[in-house]
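Letters are used for the chains, namely A, B, C and D, taken in the order the chains are written, and counting of residues starts over at 1 for each.
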Amino acid sequence: MLTPLLDRDTLDAAGLDRLIEHILSGGVHGLFILGTTGEGPSLSYRLRRELVDRTARQVAGRVPVLVGITDTAFVESVELARHSARAGADAVVLAPPYYMPEGPPELQEYLEHLLPELPLPLYLYNMPPLTKVPYQIETVRWAMDQPGVAGMKDSSGDMLYFNRVAALLGHRPEWTLLIGPEELLAQSMLAGGHGGVHGGANLFPRLYVALHEAVRAGDFERARDLQARVQQVAGRLYRVGRHPSAVIKGIKCAASCMGLCSDFLAEPFHRFREPERRVIQQALEELRAVVEA
Amino acid sequence: MLTPLLDRDTLDAAGLDRLIEHILSGGVHGLFILGTTGEGPSLSYRLRRELVDRTARQVAGRVPVLVGITDTAFVESVELARHSARAGADAVVLAPPYYMPEGPPELQEYLEHLLPELPLPLYLYNMPPLTKVPYQIETVRWAMDQPGVAGMKDSSGDMLYFNRVAALLGHRPEWTLLIGPEELLAQSMLAGGHGGVHGGANLFPRLYVALHEAVRAGDFERARDLQARVQQVAGRLYRVGRHPSAVIKGIKCAASCMGLCSDFLAEPFHRFREPERRVIQQALEELRAVVEA
Amino acid sequence: MLTPLLDRDTLDAAGLDRLIEHILSGGVHGLFILGTTGEGPSLSYRLRRELVDRTARQVAGRVPVLVGITDTAFVESVELARHSARAGADAVVLAPPYYMPEGPPELQEYLEHLLPELPLPLYLYNMPPLTKVPYQIETVRWAMDQPGVAGMKDSSGDMLYFNRVAALLGHRPEWTLLIGPEELLAQSMLAGGHGGVHGGANLFPRLYVALHEAVRAGDFERARDLQARVQQVAGRLYRVGRHPSAVIKGIKCAASCMGLCSDFLAEPFHRFREPERRVIQQALEELRAVVEA
Amino acid sequence: MLTPLLDRDTLDAAGLDRLIEHILSGGVHGLFILGTTGEGPSLSYRLRRELVDRTARQVAGRVPVLVGITDTAFVESVELARHSARAGADAVVLAPPYYMPEGPPELQEYLEHLLPELPLPLYLYNMPPLTKVPYQIETVRWAMDQPGVAGMKDSSGDMLYFNRVAALLGHRPEWTLLIGPEELLAQSMLAGGHGGVHGGANLFPRLYVALHEAVRAGDFERARDLQARVQQVAGRLYRVGRHPSAVIKGIKCAASCMGLCSDFLAEPFHRFREPERRVIQQALEELRAVVEA
């Protein structure tokens, strides 16, 4: 979920409530806040806590709320996890600390230290383009045996990796394996994945839910059709800028064009201005037919 | 400078004072805290502020104190800069926000927003292996024209880059250009660099000061000899472990073996245990002759 | 297809014939020689020509023969393409020249120069881990409009890329889009891919053909089961060594254990020795049940 | 040395002779042909042999001729080495085979197989940006003990690496250690390097020889001045294009503007056209004062 902002340290509270209702109305099964698309690492700790509080209050138990606690500082991750538990969130999500790259045994020992401090179930968040190191397959296998670890979101975009994790699920069937890139949702479920956590669901939640349901129902013809629509959303909205931030900028700009919330981005990034905003506006109009068909 | 720790959120205050006195006794010209070797990103904000306070008090103006404020969150960088000013520090040091990589214009706009908020002069900290993006040469040239930017520490290890920055110094002669990797100090000064910020100076400050003085005096024979000793320090102490953390672990372990401070490392890393500690201990004994000769 | 060798410049001619018959007996739809698994770049030009001749003669038109002509030297690529046409091969396959990385317009201009010189249809071979540069989506779109380009093999392992190429197929339906990594065959076909070119088909051609047929028939339950078997083949045979060459070494060692051909590898690589060979032998025995069930 | 070409498979023979005489007149100590700047990998084997023959004949023993034999195919490297010996060349130069990356033990075993086949002394050519793998320090240390290995050219641009190799020279003082990037010549010699192999010496050989002599004479003031001029050559001529090929294109274009030889580049690259050629022409005019002062 996006983090609607009025300025670098002020929530767009009304926009947040509207965005949450918009997403929930699409039938999603959970909300993940303070992830990459949520600009988690760019926000002050004060604002992160405020977002957790307000989201949990607004959602009010209708779906589980997962909170990103990824941080380079162990103490801050734990503190945010405790705050999340107090606020009524349901789980926390953690990518590897992302300043100096850890070796695999270092990362596992870090998790060994962290797990006893967490008051909520943990989802691993695999995001090597941004954290430099992945959770190695061996680390995932170990994590499956830890009672505090409930599942994983894999945003690597590497289906070879995803398939190897999926192949381990027989080992722990109640584990939840989710995929990040929405262009891969149907394929990931074919390999045994359970669903996805997708930026585009801020905008068109029903489309992603419908795709998920089609694959679950084994209706691959419909899945192929819906997945192609998702591909168009990604193709039109996520590649307007030239930098990796283009995805977040595109989604936030589109949410603003749709009247959901402000498009302010916390530094080091900034919102799309013209002509990018006009491109997004135009794309949205053309996507309407694609998404609603 | 290392950050001496008793545990993940407790300063080793006595060790810190001893370490500061040890380093200052070697004749260094400044102290840089909360950098990479100082485990800045691994520490809670509370502890970072405590370290700033205690270091500034102990140094008491004898040399300038520079504080690392690198952060993914703009608001937290500014807050730490303000705290540093209040505590009496002399400058702040900033690498690019290191979660999602910025494009060059994004990074420059980020600096444009940040500079007016900083109460102290800024040194750019170029560290692309850990921040993913460098300060592009064009960004450095622009920064040289900003009154709030006092200089740069280049830890890229890329002499082609360093030489290109050095070639710009004619443009702004009062700018300070420092190098990170101690194995490159003499070479960097040949190209016009002014000095270095080196992890090994936690242990053998006099050696690094002597090398600096030899190059400044144009005594290249002595410089070559002293640089070769520095190479031995690096070769024996920084490559004992297999992960990138080996450098910090080696320095902190050596500082502990020398009785300077605790070797506790904040997560996600941990101190050297046996047999690594024995290897460092042995290396230290053999280095004594090298360093003191 | 592997290139069976007796030594670095001598074909294992009997092994080659046996291997070809073994693969064809599995029902495959074509043979790709002198690719990565075929050690193309490690072989002398003389031996490459001999392999083309002998393979074309042995196959004798039963299935199409595709010849890898990837080279850093334009003249040598063209020469091998001409030789392939004379020998009766059906198409050539080309990855980007892989010494100095080309910019996208350079790579497209290279293809513009090359296509008129080729006497056979061309398949693009996307292999960025080894060639440094991919065929950009824009280059592929352009290539689809060139009459001399018949299709593409994507070995990037990047499903986001593959899906974007697949989305272009509506534009040129007779184009053939194949995937390299066998762990992704079913998923690639879900996105519109037509099939795969897989190292494991040297060993168990029937398994890969069966998987292909299951997906084409829309029998996703059977596809999932067969794909899981392929995953086991890859897991047991391709990760025994520690270097990227482990895949080729594993397949060639297994082919030798199965009595198909010699396991000699041309420099810079070398065959598995003990204990790796024993591991492969053991894996093969356990895979028999998996593959034949 | 550049390879002057009239078209992709035709030497510019007159240009070659002029270029050789121009370079030798500057006082250089050797010629390296068929390296990266010489477009070695882009040329047919026939043309490579012709170049070796003609260069050796034209140089006629005035300075040593070193021939690049880097290849992905062992047999072709050996064949070219033998041809070079017959033609009267003095040594061969070899980077790691550059298609599939070798693990360090694989690369060392490759050298073990290759050395007995070579009729001329070998220089290692470290070029990891193009070969993917470096010669590890351990491999270099091993190579220093092999009688057939005479030295190394390090084009990595990594001074930390270069310094570590230089520190091993005490072990084998007759070894020759050369640096590739001309911006690093003075600094490399400060660390113990013996000289450089520089693209810019095609154009201004006297400048590079003068810089080499200044450092050898310990005249660091003059060295700094000459090195700054070299920096200007590199800055003006090597960064006109946007792709890695910009360096070769710039040198070859400048050689053409100076009337030395044709600027034809073999595929996959092509010569600078307008407006790049005009930029190079303009830069050359402004560099004249810099180079000749």
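Going forward, a contact is a pair of C-beta atoms (placed from the backbone, for glycine too) under 8 Å apart; a residue touches a chain by one contact, two chains touch by 3 or more.
As the structure is a prediction and not an experimental result, all values here were calculated from the model.
Counting hops only between chains that touch, chain A reaches chain D in a minimum of 2. Counting hops only between chains that touch, chain B reaches chain C in a minimum of 2. For the interfaces C-D and B-D, the C-beta contact count is higher for C-D. Mean C-alpha positions place chain B and chain D at a centre distance of 36 Å. Within chain C, not a single residue touches two or more of the remaining chains. All chain pairs in contact, by the document's touch criterion: A-B, A-C, B-D, C-D. The touching residues of chain B, when paired with chain A in their complex, are 8-9, 36, 41-47, 72-76, 79, 96-103, 106-107, 109-110, 113-114, 130, 132, 242-245, 248, 266-270.
Across the interface of their complex, chain B is touched by residues 157-160, 163-164, 167, 181, 183-184, 186-187, 190-192, 218, 220, 223-224, 227-228, 231, 235 of chain D.
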